[in-house]
Amino acid sequence: MLLELKDITKKYGDFKANDQVSFSLNKQEIHAIVGENGAGKTTLMRMLYGMEKPTSGDIFINGKKQNIDNPNIAIELGIGMVHQHFMLFPPFTIAENVVFHHEPKKGWRYDRKKAADEVAQLAEKFGMKINPLDIAGDAPVGIQQRVEILKVLYQGADVIILDEPTAVLTPLEVKELLVSLRELVKMGKSIILITHKLNEVMEIADRVTVLRDGKVTGTLTTKDTNPEELSRLMVGRELKNNPLPSIEKGNEILSIKNIEMTSKKSGKTLLDDVTLQVRQGEIVGIAGVSGNGQSELIQAITGLAPVNKGSVTLNGADMTNRSVKQIRDQGLSHIPEDRYLWGAAKEANLVDNMMMTDYAKPAFQKAGVLKLKEIRRYVAESVKKFNVKTTSIDTSAQFLSGGNLQKLIAAREIQKNTPFLLAAEPTRGVDIGAMEFIHEQLIEKRNNGDAVLLISSELSEILALSDRVFVMYEGKIVGEFDHQNASEEKLSILMAGGNNE
Amino acid sequence: ADESGNSGNSSEDAKRVAVVLTDKIGVNPFFQQISDGATKAADEAGLEVNVIESSDPTEIEQNLQVAVAEDYDLILTATFDAVDALTRVAEQNPEQDFAIIDAVVDLPNVKSAEFREYEASFLLGAAAGLSTETNKIGIVLAMDVPQINKYKSGFEEGVAHVNSEAEVLSSYVGSFADPAKAKEIALQQNANGADFIAAASAVSDLGVFEAAKEEGFYTSGQDIDRTTDDPEHIVLSQLKNTDVVAYDFVKEYGEGNFETGTQSFGVAEDGVGLTFVTAESESPLSDFIGQETIDKVTELKDQIISGELTVTNPLAQ
Amino acid sequence: MESLFDLSLINSTLRMMAPLLLAGLGGAICSRVGVFNVGLDGLMLMGAFLGVAANAYTHNVWLAILIAVIGTTIFSALYAYMTINLQANMIVTGIAINFLSIGITTFALRTIFDVQGAYYNNEMQGLPTWEIPVIDQIPLLGNLLSGQSPIVYLGILCTIVMYFFFKKSVAGSHFDAVGINPIAAKSQGIKVKRIQYQAVLISGVLCALAGAQLSLGQVTMFSENMTAGRGFIALVATMLGQSNPIGVFLSSGLFGFTEAISIRLQGLNVPTNFTLMLPYVITILAMFIFKDKTQLSALKNSAGSSR
Amino acid sequence: MNKLKTNATVFIQPLLAVIVGLLVGTIAIMLSGESVIVTYQEMWDGAFGNLYFLTNTLERAIPIILAGLGVAFAFRAGFFNLGAEGQLVMGAVTTAIVTVYLPFQGLLNMVISIIAGMLIAGLYSFLAGWMEQRFQINLLISTLLLNYIAVLFAGYLVSEPFRDTSSAGGVPQTVMVDEASRLPKLLTGMNLHYGFVIAIILAIVIAFIMKRTTFGYEVRMLGQNVFFAQYGGINRKKIMFTSLLISGMLAGLAGSVEVLGIHYRFIEGALSNPQFAWTGLMAALLANSNPIGTTVVAIFLAALDTGSLGVERNTDVPNSISGIIQAVLILFISAKFTMNFLNQRKKEGK
């Protein structure tokens, strides 16, 4: 056995993030860890990597007990970690990021040429395509992910911990990543993989450990289990399968006609003649590899960036290049694609976070004075209704797990009862329980006769929820399908810039 | 604060003097002079003295009020910064004796001493105008404010009186304590041809002196005799005997012949002056100035005293 | 005025900018590692005082500078300890450091030398001026650049060294990394606190030199609060130069230059307060040209700690 | 989680800081050879010794509170306004000039001149905001530089066009404000004036605005996350400009109130020398931009000032020592002692 964690407990105050967790990893094994948001997966790995100290319990590497006090020791022991939130230096080049803290030197000088060469070689060896001289911050997430893995490999790690590596990747990138991981195992590495996606577990892992509320609820061999059993272990119940009942479509709520947007900086065309409509009682999905204009489309619809041409009509009124407030008043609600950047103020409490976009409603203010009592009651009810796990509504948002924050944002936007909802990546990085819940809510909204535009890089999500699907590629709409006609295959080809004819 | 009145000095009935300064002593040698003068007189006359520095102008009034409350017999303050505060405090406490140096407060319980520095500046300017070989004379001033500019106007008048050819270069440091910049300014004036550069910039004067030493031009000091520091380059000093006035005031008070009212100190009263002209100096007279110049300036001094010559009071416009 | 742009202008600019440059570089190295050092003025004042005090006792200007550097570095360690270990608000601590050094130097002036206001002493030797052999020979340039105090040249040298440190060295890239993303740096096994300490201590050294240039280079004396707010101008130079050594050099140069000009402009018939304003106005105008698009990481840190 | 515990640490922290500060101050006093107890006694008396000293402390706190509230307001909206000093001076000089030269009388005159001062100061701060919004000029640098310009400009105004030439004075200053336009004293014989009431009311009003109004909510959210605010439909430009305007107006009011309540005229340097603006900035930072907290801290910092005045008057401890003690107290007050010390002890205990 390469590595073993025995009876690890980690307490934050009175709260046990990990409770008597035992875990082992064999050589050339891929061992997955699954569990709901906040189950304690990241915490466990942080202790293995020396970023936290266990309250009790022991860590054995190659049978020897080790005291891993800081990441340096972990790195020396051959343990590397790719963090859930990337640990990159955006202004540095990819090569500089990879060799960081192990830089090749020429005398006192940083031998950047050698670094680039070494990184290029390393990337080649493991079959990862990157350009070492690109600026890391400008690279797409998929590439950044590779940079993180290369960094770990460069440090000579034998054990590689990956914390939710696929949450931010496009399906294609996920495929590539999984191929790379198999490659790594062949070359003698061992891998711990944290993920929320059970299909990935089934596809690639040898064993899987399930955590719930800080405790291990099972360690299974993937051959002998199935996704249903795993989800039961994770959430403690059977998951429902939400059907999409066919209902009558109503009037056009959102109508986008021939819009165009160009980058102020580079003059590049970001949106090119995009036209689409969303009607009442309909979920329209936008599929596409991220970075193909989806973000710009969101900004154009929501008023966060101006379009150069074309028109946006919402609920019967022309909303082209209006302010966010005007558009929201006209009937928009919006689950943003990045919950930390757009969707929340981390340091503010749940009340403040929940009130955004609602605070000006007559129900919550009079002559500019907030009705705090009503507001607090409303927030408390919403938190309960949407099952947001928190100690109190006065906690600041940063202490919610990702999934719970996402539920809070969904609650905020769905409860507004607007005729139109724009849902961008509504379940990114969210556990399966929460995902099920959010999907239910979207469908319910549609069934109530509202219009929903769903933008997601998760094909399964698009396919499960959309009445109609559009595919975006390089700022253009390159295809449209009905619910029945859409398939993963057809979409994938268009998403990659191919042609269906 | 009342208890300190009689019980505080039970042993003997010594009179107590508070010297309330408007700034920290270090900011200007002028404060040191007043403090020294008052302390010396108090020692001689057997008075108790307490020197209180204020950190900023807002504190002056408070310090004056507390001094009244703590039953000091005489409260001595100085400079124009104290005028507003003193006016108010003195009006509220008509029984209390006050004195102010270098500014006037016209109240029955205040004794004021004002100085006609412009007369001394005139003499300095005249000496400079007579001595310059380049017909360019510099003056480095602290700030462009009236209480500093009174030195400038007398100086320029003095130069013009004796030498219509001479040009006066005047520059401001822009602060009261930046010797490095003052030096830079002096170097600049010297580079433009000034062979005599008067220093009138409080602590920053030291920067001008250094420049003179390095570049070999001539300069003058202010308030006290600075020629002793470097007689070769600091060739004159215009004098302002605030220490003497502070000494006199306190001494008079100790001796019981303190009378309120305003006294003006000019050349005639020996309140202001110029080294070698109105007062001896330990240092030798520089050849740059020369006895001849001194004689001429001494004549001017006599004319001022006799009233034959009046120097314009820049503040009385 | 005939002498507005004479040769000595460059000379004068170099002299005036040297303290700003050195302290500005100190501010720059701090901000590169995410520390917003508002205490530059206090560190400078400490350096100026220690330089003069040590000089008066040792009669050796070089030894004096060494002592000033050591003393100021120790003083800057206080700032480092407060902000890095005790996580005190950087800006409050910086302002307190400024107040503290005014207090300490004034108090020491009185207790050590028994004077108030200023200490000078005719026996005290200031820094010599150096004629630089080769440059000296070049007809025009020689006059312009030669004949400055060694610290002026050291300032230029420090700019170059720091430029290469950040551009070429491994340690430099680690400094940057700490400023860009301290959590990531820590997760890679970098000792973030140690690097921040190093940066603050180096800024101590640089500010000591800046102060010594004032009190031993430009003049040979110490007067209370003689930095006259130069530390804040240095801070502006740091920010305007976007913490880049060359940028700091240029912005402190701009400031030194306009200040030299403003002295010359006093001869014109413009109210003095307006000529004194010139350096500040020009600096603001300069910002219209060199826009600051990048957010300083130090800024973010300090703003973060302010909430 | 544990509310009681966190509340306790909130109080323990500054307390510990004050204790450490006093300890270091003790060393400084001992160095100067004075009695530590007497010195601290004088310090206390100078700040709070009797009604006179107490009201003096409160009076000194007025401009610090107002400037601090101004800084805090901008902070809350996410803007670092280092220009309080310039704004304060602009407000003061405007008020002084308007009071004297415009033909209004009495209370009306007072109100108009205060509003004028606040407006000019607000616009001065607005200018910096506009330059950032329009030309991406870093607010920190511009506000810092605008301070120097304001001080020099005000200096020009009172030494040239608006100088008081009547008295045989030397200080550049405006003519004195007539009695009817002055801010009345709160208690006869004391220096404390109605500016204090204004400051306290404003602190409460601002606390209310921040916590209880939609505008305050918008300001807070903008300060916490600009993108979130924009996403929610908050107009960044509008909030930025109004909050900088308000911030400047508060700083300006600090100056106006000093002019009409204490000096009765604008005197060059009288408002920058006492470092009101910087002290206010520290108060805002130490109180995490909480308006009520800023007020309390401002009074504490003012007490350090007036306390050191007491030390200066009644002991032989040099003025600079009280400066040292003051600086040391401020230095330690923002340190996060308890956290580190307790944590370390916990670790070592294990």
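Should a chain be cited, it is by its letter among A, B, C and D, assigned in written order, with residues numbered from 1 in that chain.
Everything below uses one rule, namely that a residue touches a chain if its C-beta (ideal position, glycine included) is under 8 Å from a C-beta of that chain, and two chains touch if they have at least 3 such contacts.
The model shown is predicted, which means the values in this text are computed figures rather than measured ones.
Between the contact lists of chain A and chain B, the overlap consists of C, D.
Pairwise, the chains sharing the most contacting C-beta pairs are C-D.
The greatest centre-to-centre distance from chain D, using averaged C-alpha positions, is reached by A. Per-chain Cα centroids separate chain C from chain D by 28 Å. One simple way to say how far apart two chains are is to compare their mean CA positions; for chain A and chain C this gives 46 Å.
Remark: chain A and chain D have CA centroids separated by 45 Å (rounded to whole angstrom). Measuring from the averaged C-alpha position of chain B to that of chain C gives a distance of 35 Å.
The set of chain A residues that touch two or more partner chains comprises 347. Each of residues 24, 144 in chain B touches at least two other chains.
The set of chain C residues that touch two or more partner chains comprises 106, 271, 273, 276, 307. Chain-to-chain contact here is organised irregularly, matching neither a line nor a ring nor a star, and falling short of all pairs touching. Pairwise chain contacts present here: A-C, A-D, B-C, B-D, C-D [touch as defined]. Across the complex, chain B meets chain C through its residues 24-29, 32, 144, 169-172, 174-175, 177-181, 183-185, 187-188, 191-192, 203-204, 206-207, 210, 229-230. Residues of chain B touching chain D in their complex: 1, 24, 50, 52-59, 61-63, 65-67, 69, 80-81, 83-84, 103-104, 114, 144-148, 150, 315-317. By the touch rule above, chain A contacts chain D in their complex via residues 13-15, 302, 304, 323-325, 327-328, 334, 336, 341-348, 352, 355-357, 359-360, 365, 368-370, 372, 391. Chain D contributes residues 49-50, 52, 56, 60, 155, 159, 163, 165, 167-172, 176, 191, 258, 262-265, 267-270, 273-275, 305-306, 308-309, 312-313, 319, 323 to its touches with chain B in the complex.
Chain D meets chain A in the complex at residues 1-2, 212-215, 217, 220-221, 224-225, 227-235.
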